[in-house]
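For reference, the structure is listed below as structure tokens.
As written, the chain order gives the labels A, B, C and D, with residue 1 at the start of each chain.
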Amino acid sequence: MPLSVREIVLTHPTGPAGDLDSLVRCIEECLACAQACTACADADLAEDDVVEMRRCIRLCLDCADVCDATWRVATRLTDGRSPSLKKVLEACLDTCRHSRKECERHAPHHEHCRICAVVCKRCEDACQALIDET
Amino acid sequence: MPLSVREIVLTHPTGPAGDLDSLVRCIEECLACAQACTACADADLAEDDVVEMRRCIRLCLDCADVCDATWRVATRLTDGRSPSLKKVLEACLDTCRHSRKECERHAPHHEHCRICAVVCKRCEDACQALIDET
Amino acid sequence: MPLSVREIVLTHPTGPAGDLDSLVRCIEECLACAQACTACADADLAEDDVVEMRRCIRLCLDCADVCDATWRVATRLTDGRSPSLKKVLEACLDTCRHSRKECERHAPHHEHCRICAVVCKRCEDACQALIDET
Amino acid sequence: MPLSVREIVLTHPTGPAGDLDSLVRCIEECLACAQACTACADADLAEDDVVEMRRCIRLCLDCADVCDATWRVATRLTDGRSPSLKKVLEACLDTCRHSRKECERHAPHHEHCRICAVVCKRCEDACQALIDET
């Protein structure tokens, strides 16, 4: 497994500034969700029913962009966690939720949507856990 | 001037889905703020008093990442504006505000911080205007 | 006009490390192209002939991502220009060229493709000018 | 492990358009490297010897941005692999190499630099393997 999130957070001079597990999990799930949503949007585009997948493509692209910003903000620990972390996590949770709900509608006929919905749900849970603690 | 935000939004098959001016302004200011914060963080790093600039660097990097996600989400209009637009704008406004307040502290001795604070303030105002309307 | 690229580059403690005009122009055009390609991909998705626009959507999304990385790398001047700047510019020029050529095919029937092709061409020229100097 | 790169690539309607293993590995390593470089730059910033870490911070920030663009371009498979994939991989390999070499200099006294150098090297190898095949 390539991610070294926990390993490198542990070496930060100021430490994780709160619970290590929920921080690491949130960063990992945002990375996974950014990639899954980028892949799902691209797979949707190649499907025969692309016309029905427009909303899914768009929501997945939004979600990928917000997940990317979120893991970057969550990763920075100099001077403590970001003062904007909670609001960024709330935005991320919301984009994941919309992306997941649309993917769930297409999960029965598109396997990439089924996988993407699972990854989005994990990311929502990880964002919520970090919000609860922040 | 290179930005063609208004020109290209006007050609979208579904239209701006609300007030055109506030949407265009928000996209333009997020682009400007992402660049100004990236430049300010880098200039801070090269200053003699880099030790005092750590918090500024970190807040500017956060702000650049969230601004980048925000102009991308705001740009997408297929199936209407993003259902997450308001929460994304709120996160963006918050990162801009923190970045601006820190830059204002250094504005008397670092011209890049003075410029960056002005750009952040414009971005805050543009996000707020789009929030009020959404 | 919101961009303050020139203004803020001029305040960097180490200066532009080469010709100021070509650096500023490249950063500005990459920002404009990232936004135009994001907008064009989204507008393509909403068109009646979305099936014919798949390749255009995909190339525009690639181009937006590479342009975003490029203006960020070009903006950083601490310790001089990036040792990877030339290779990053070559990658950016290539994604712009592919995106532009596909957009030109659709320019007669989609105004957003016509605009996007113009913006891509300007970005290619700005990348080439900075490559020639680097 | 949160990444689902292989799982979701396997469900793409057009397939991986070449060797699956090298594509998946490259996407995974770029994600890992983008995160490790973002974390390393932030940890460098919090160190007592931040003045000596300026070049490392800057190269790591460049590398993170290019890795992010690279995994996104590599992920898109609609209409086949990106025509710009090779040039994007070459730029990514180059930013990883510069970031790794600087991190190696600091590895004896900064554990995050040691880890980051290892992750950069893995990403270089994954990019090279995909270049060789493209």
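The definition used in the following text is that contacts are C-beta pairs under 8 Å (C-beta built on N, C-alpha and C of every residue); 3 or more make two chains touch, one makes a residue touch a chain.
From a predicted model like this one, the values you see are computed outputs, not experimental measurements.
**Student:** Do chain B and chain D, two copies of one chain sequence, contact each other through the same residue numbers, with over half in common, or through different ones?
**Tutor:** same
**Student:** Superposing the C-alpha atoms of chain B on chain C takes a rotation of how many degrees, nearest 5?
**Tutor:** Resulting rotation angle: about 180 degrees.
**Student:** Cα centroid separation between chain C and chain D, in whole Å?
**Tutor:** Centre-to-centre distance between chain C and chain D: 21 Å.
**Student:** Between chain A and chain C, what's the gap in Å when you average each chain's C-alpha atoms?
**Tutor:** Going by mean C-alpha positions, chain A sits 26 Å from chain C.
**Student:** Give the residues of chain A touching no fewer than two other chains, as numbers and ranges.
**Tutor:** 42, 45-46, 54, 57-58, 61, 68, 72, 76, 78-79, in rising order.
**Student:** Have a look at which chains touch which and call the overall pattern line, ring, star, complete or other.
**Tutor:** If you draw each chain as a dot and join those that touch, every dot ends up joined to every other.
**Student:** For chain A, which residues count as touching chain B in their complex?
**Tutor:** Counting only chain A, the residues touching chain B are 54-55, 57-59, 61-62, 65-66, 68-69, 72-73, 76, 78-79, 82-84, 87-88, 90-91, 94-95, 98.
**Student:** Taking the complex as given, what residues does chain B use to touch chain C?
**Tutor:** Interface residues on the chain B side: 1-5, 7-9, 11-14, 25, 27-29, 31-32, 34-36, 38-40, 42-43, 45-47, 64, 68, 71-72, 75-79, 110-112, 115-116, 118-119, 122.
**Student:** Can you name the residues of chain C that touch chain A in the complex?
**Tutor:** 42, 45-46, 50-51, 54, 57-58, 61
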